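Have a look at this one.
Labels run A, B, C, D, E and F following the written order; every chain starts at residue 1.
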Amino acid sequence: MAATPTGDVDVDTEAVSASIVGASGFAGGELLRLLAGHPEFELSQATSREYAGKSVGSVHPPLRGTDLRFSQPGDLESVDVLFTATPHGVTMEHIDDYQDAAELVVDLSADFRLDTEAQYDEWYDGHSCPEKLDVAQYALPEVNRENLAGADVIASGGCNATATILGLYPLAEAGILDGADVVVDVKVGSSEGGAGGGAASSHAERSGVVRPYAPTGHRHEAEIEQWLGQSVSFTCHAVDMVRGASATCHVFPDGPVSNGDLWKAYRGEYDDEPFVRMQAGGSGTYRYPEPKAVAGTNHAEVGFELDASNERVVVFSAIDNVVKGSAGQAVHAANVALGFEETAGLEFAGLHPVGSP
Amino acid sequence: MTTCTECGADVALHDDAEAGEIVDCTTCGAELEVIDVSPPVLEKAPELEEDWGE
Amino acid sequence: MAATPTGDVDVDTEAVSASIVGASGFAGGELLRLLAGHPEFELSQATSREYAGKSVGSVHPPLRGTDLRFSQPGDLESVDVLFTATPHGVTMEHIDDYQDAAELVVDLSADFRLDTEAQYDEWYDGHSCPEKLDVAQYALPEVNRENLAGADVIASGGCNATATILGLYPLAEAGILDGADVVVDVKVGSSEGGAGGGAASSHAERSGVVRPYAPTGHRHEAEIEQWLGQSVSFTCHAVDMVRGASATCHVFPDGPVSNGDLWKAYRGEYDDEPFVRMQAGGSGTYRYPEPKAVAGTNHAEVGFELDASNERVVVFSAIDNVVKGSAGQAVHAANVALGFEETAGLEFAGLHPVGSP
Amino acid sequence: MAATPTGDVDVDTEAVSASIVGASGFAGGELLRLLAGHPEFELSQATSREYAGKSVGSVHPPLRGTDLRFSQPGDLESVDVLFTATPHGVTMEHIDDYQDAAELVVDLSADFRLDTEAQYDEWYDGHSCPEKLDVAQYALPEVNRENLAGADVIASGGCNATATILGLYPLAEAGILDGADVVVDVKVGSSEGGAGGGAASSHAERSGVVRPYAPTGHRHEAEIEQWLGQSVSFTCHAVDMVRGASATCHVFPDGPVSNGDLWKAYRGEYDDEPFVRMQAGGSGTYRYPEPKAVAGTNHAEVGFELDASNERVVVFSAIDNVVKGSAGQAVHAANVALGFEETAGLEFAGLHPVGSP
Amino acid sequence: MAATPTGDVDVDTEAVSASIVGASGFAGGELLRLLAGHPEFELSQATSREYAGKSVGSVHPPLRGTDLRFSQPGDLESVDVLFTATPHGVTMEHIDDYQDAAELVVDLSADFRLDTEAQYDEWYDGHSCPEKLDVAQYALPEVNRENLAGADVIASGGCNATATILGLYPLAEAGILDGADVVVDVKVGSSEGGAGGGAASSHAERSGVVRPYAPTGHRHEAEIEQWLGQSVSFTCHAVDMVRGASATCHVFPDGPVSNGDLWKAYRGEYDDEPFVRMQAGGSGTYRYPEPKAVAGTNHAEVGFELDASNERVVVFSAIDNVVKGSAGQAVHAANVALGFEETAGLEFAGLHPVGSP
Amino acid sequence: MTTCTECGADVALHDDAEAGEIVDCTTCGAELEVIDVSPPVLEKAPELEEDWGE
């Protein structure tokens, strides 16, 4: 999977330096963890305004023992690659500074995921730097691998969008989605809300829920439509897990589809993908995609079942929202962009048994 | 006694309700702004966007 | 809500005696709990083959201090009402004995829920006593109240079916379901599987899951279709809670529907129902139906959201599977059948805060 | 258990009016729930500064459908009994106003639990109204029933203290605690922290923990010592549940103790108590006290095991922190003080199966 | 940390072959996971009687995509190292066969942990191969590193014993434990019970518990006493997590001890240990050892707090029971025995945020 | 080496595989019954109905 180095970053001789803006957050913490274990990157700075001066391990236990301390985002130094894991709106505001500081900016927010200003007007509150939308590339290698080398800005996908796109992309490519009606019913963990806290996300209120939180009009619909060429009816539920996003896609194709057609579509798309695992039926306890089976990993599980009597294909897709749905996707895309081994730094395969990671 | 603009149920206002106050409908849960008190007029209160940060 | 006593059971002078077959199970335990606190019933026997001779509190902690002990199902004595909470197939086999023992049999299994032998042939493995299907009445008062008085056999609904039917019934009654496409995506807790155990339902394997377990062809589709006059595309997921069933129904009506139409349909159907609560939007932490908000209670929460851009109505419905979805529904139906106050024994309103009950 | 009405409140002819200060909190919400279902009380006001004007059901789902709305604490009207469920410090500051408004004040905070100003100086930050400490009575009926009738101020115990005192009181009374060394290792749920929220108590950080949070010097030691006449070595852990406090008391008596001695001590103290259940060994899944077996109830489970080889008695005690450890204890004490049936409003016996309530 | 190869296994030229007996269990699955990612080992066979013929990934999701299939324990081939992860009693019965098959046997059960037949008579049901007890070495490198090289049989410690020993060993070495009274209060996850299942460990019964399960007389006391030279009063509780063992040790030293003494004892023992992290106080959300902070890793967290007023030292120790408490400890010991890098295959540092892994 | 009847992926059979044995496909997880060994023939194994008891 490794390719020759490309892009503007020189990776020939030594470690590539990387910094993280928003490193005290959940996605930023994952970036820290992944880059700390990455054979090609060397961590330079990790910013946090709230924790500046404290060791990164004081916030993120897996990094205990590391000497790195949080610095102020205003003190950013030059670096090869800058990862930004800030709330929506921050990167679009600072993109010039970020690009001054680094040749490659990998952003985890929604700021550069969509192609056009019009989409930001429709789904968000507009865009403050629309002229840069062109140069940004969507990170998800399974759908955009060929455009990542040489990119200046890479936009890591939304977690729910990633789960949905990975589930449906083979159908889109095979034409099975053309004219299909699609309902996407998503279940996500609490880390999706970030490290903030607040009464509704307190343990007492958030435990044990099946809580509809975006019944209609979820912003990720924009990304999904952009990549599938097709709108979907999307609804999100918070459930009692910390990591994980699970999309159940109910697809009603325009014409008849067989199990063979489906396997052809999925295997054709994913057989060579290092981070997608098919899981469709079979035996034992784990028969279909489940978020806990991929928790902590950059893997996606994808599977389906044909419902002949309802002329429906049920597609299941499960990821870890902060890895494959965010920091892992970003590192994977950077690996591709910089010509590293695709799986570098992303080898962790998960745990069994595991509770609610 | 007035009517919820969302679901049509009766909403009881307490005696010293004031314009600008937010009450919720006990039938559907909608947040309603008290626009006027005599006679009582309610309007759906602007929604606070919940930020799920993804 | 109370009506004049009807049916064959004489409730005028003293407590009505009741026994439970399958009282060591999860649904049977709930029956015990509810009948023990019921002002009109007097518990007579509670059967369990495995625990015969032990006190009911040794299995069900809320019943500690009660003197009642499990007896063998073969030792059933005559009683006014017999509740049966056995696995599918047991009641149809023993229905004659049960009817000999009691004037009213309330069965919690699927054995008498469907109208015709043909349905049992299609969805189950046939029926051993099809001639009794006629005399049985479906328990759910919200859809079948008027037929319960005088019934000889009452069949309590399936928990997933109950959640779905309660969510969609107002739309069916208002004609909004005619010609509509409907996807039902259900999330359920582990008590739905019964008290058995087994490796896949062990705490280590079952914790933290979003696990598709009936992607297609779920048997409850038969009940749903019977009551809504309309087939649905149904998929079930196990999630990390013990009690609770939550149905998200994605409805695509044939023509345009307004918020006003929806409120009219739902309020018309449910404003006077003692056990259905509308919860649609609003403010605070609990905006839509959630199973933990009704855990331990006989309440259903129902709500909806209109997705204008997708011409979709998203309906949410949440119940406690072992109460409203089983034992509570059975007691509610018995209350109606026997002319008791409808809410008798079912007053518990739930807990807040509450984790994953 | 019911006695003749006593105290200053007239309970002969009609419902006793009650208001709650701090009704939007977790303990205040339980008070609302319990008083709403109480046969003798009539709810008058429920205060919250944050939610003033909103219906109480918008915060506490079990109260949906209730017409009561939160009012400002400044708008308190006269009432028979005032329950205060505010953070430590509020009641001592407002005690004069509260006593003006009601003949009986039942406070759930720590403000009036200790006997002397010196204790507040040692364990808290002093006391602003020490002259009232004398008139206050500790609520826990199992240790102070005879002093509740006629009290002007009743101070509901701390939840960890309640669990510990209930576990050890029989040993203290039997003299087995004299000269004994005692370690108390407590495990509690997240509702103990109140409704506030904050990053450390967010679902993502607080899930799945066994987190030491008060390794030494816990303030409840003061109450425990006051009631047992004996200091204990106390350590608290947060675990993954919402409701529940479980105390494991490792007791090393000064001399030999037999199982018979222990049963005599515990049965002597608790056989007639309506809310204490002995649970020591036995068979089945639930052999010792467990918080989930009493969740939502005013019951305490107490049990023990003799460790002959270590000359140790291990005592287990489990309660629901917001019921027996707070609001339920307060209502129970009010029942005693006002001569109501002791169990009035507190009959709920719990659920089985139940997850993590 | 790497040393020159020692022992009988030749590790010079190529991968060392390893097989696992009991590979379908929880500890065996962890061995599979760790050895699959280990740079020095090559997996040869993985046995399971129940799953023979199936791929190891069908039971353990992290191993999906691996071609290895379970084989029958009767079909064991020769190998360099044999790991056995079977229930107590199996290895002592088959030890001769196992030693015929491999030069180094690493057993995860209790069969070879104790030094003498007398201990097995006292704590277990005797020993069928007492003559081999001498040749076995306890695996835990922190206490027995110097005896591992050249061992024929290595006995991995019990998980609760490991947590306790790691917490108290520095005090024992520093003499602070001499004459001290020690209470050990342990909280563990459900994976400790193995992959079996059963009604009491079903999700519905086991969720949300704080359940005393070994109030007195726990067998791990034997190991603990063997390594600390001191008996302890030991009590175990099941709590709601899957992985993790947390020991709170309440120590009452014979004489005065200062914070300085404690830090000296702990830092002296653990400063150079690759898998022990001190965590005592500090700031932020994670101040003391917590199992979820080490879940999935071979790390132990150890910390303490001095309780001057009770002349007590409270020691906290947290591990992942199936890694540091079992499979990871076994691999660590094998690394030491075979002269590999100590941390080889054990680099995973854990996740943040993480729920209940 | 033979082919999964469900997804078409290669399935490796071990040397002493016997007719009647159940193997699973490591690509899709399907349980396959070994119908014949030389040449290898696989067939989808009959499914065990999981009972969820509702």
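Basically, contacts are C-beta pairs under 8 Å (C-beta built on N, C-alpha and C of every residue); 3 or more make two chains touch, one makes a residue touch a chain.
Values in this document were obtained by computation on a predicted structure and should not be read as measured data.
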Quiz item: Where the contacts of chain C and chain F overlap, which chains show up?
Solution: A, E
Quiz item: So which pair out of B-C, A-F or B-D basically repeats E-F, with more than half the contacts the same?
Solution: B-D
Quiz item: Is the C-beta contact count larger for A-F or for B-D?
Solution: A-F
Self-check item: Longest centre-to-centre distance from chain E, chain (CA-based)
Solution: B
Quiz prompt | Centre distance in Å when chain C and chain E are each reduced to the mean of their C-alpha atoms | solution = 46
Quiz prompt | Whole-Å gap between the CA centroids of chain D and chain E | solution = 40
Practice problem: Calculate how many whole Å lie between the centre of chain A and the centre of chain D, each centre taken as the average of the chain's C-alpha atoms. | Solution: 46
Quiz item: Of all residues in chain A, which are in touch with two or more distinct other chains?
Solution: 26, 189-191, 193, 195-196, 199-200, 204, 207-208, 240-242, 279, 282-285, 287, 290, 353-357
Quiz item: Can you list the chain F residues in contact with two or more other chains?
Solution: 24, 29
Self-check item: Residue numbers on chain D that touch chain E, as the complex places them
Solution: 181, 183, 185, 187, 199-200, 204-205, 207-212, 215-217, 231, 233, 235, 237, 239-241, 244, 246, 248, 250, 252, 284-285, 287-292, 305-307, 309-310, 312, 314, 316, 318, 353-357
Self-check item: Interface residues, chain A side, partner chain E - complex
Solution: 26, 29, 33, 36-37, 54, 58-65, 189-191, 195, 241-243, 277, 279, 282-286, 290, 293-297, 322, 347-357
Self-check item: Touch list for chain A against partner chain F, complex
Solution: 259-260, 263-264, 267, 271, 278-284, 287, 303
Quiz item: If you look only at chain F, which of its residues touch chain A in the complex?
Solution: 6-9, 24-25, 27-31, 45, 48
Self-check item: Of all residues in chain F, those that touch chain E in their complex
Solution: 12, 14, 17, 21-24, 26, 29
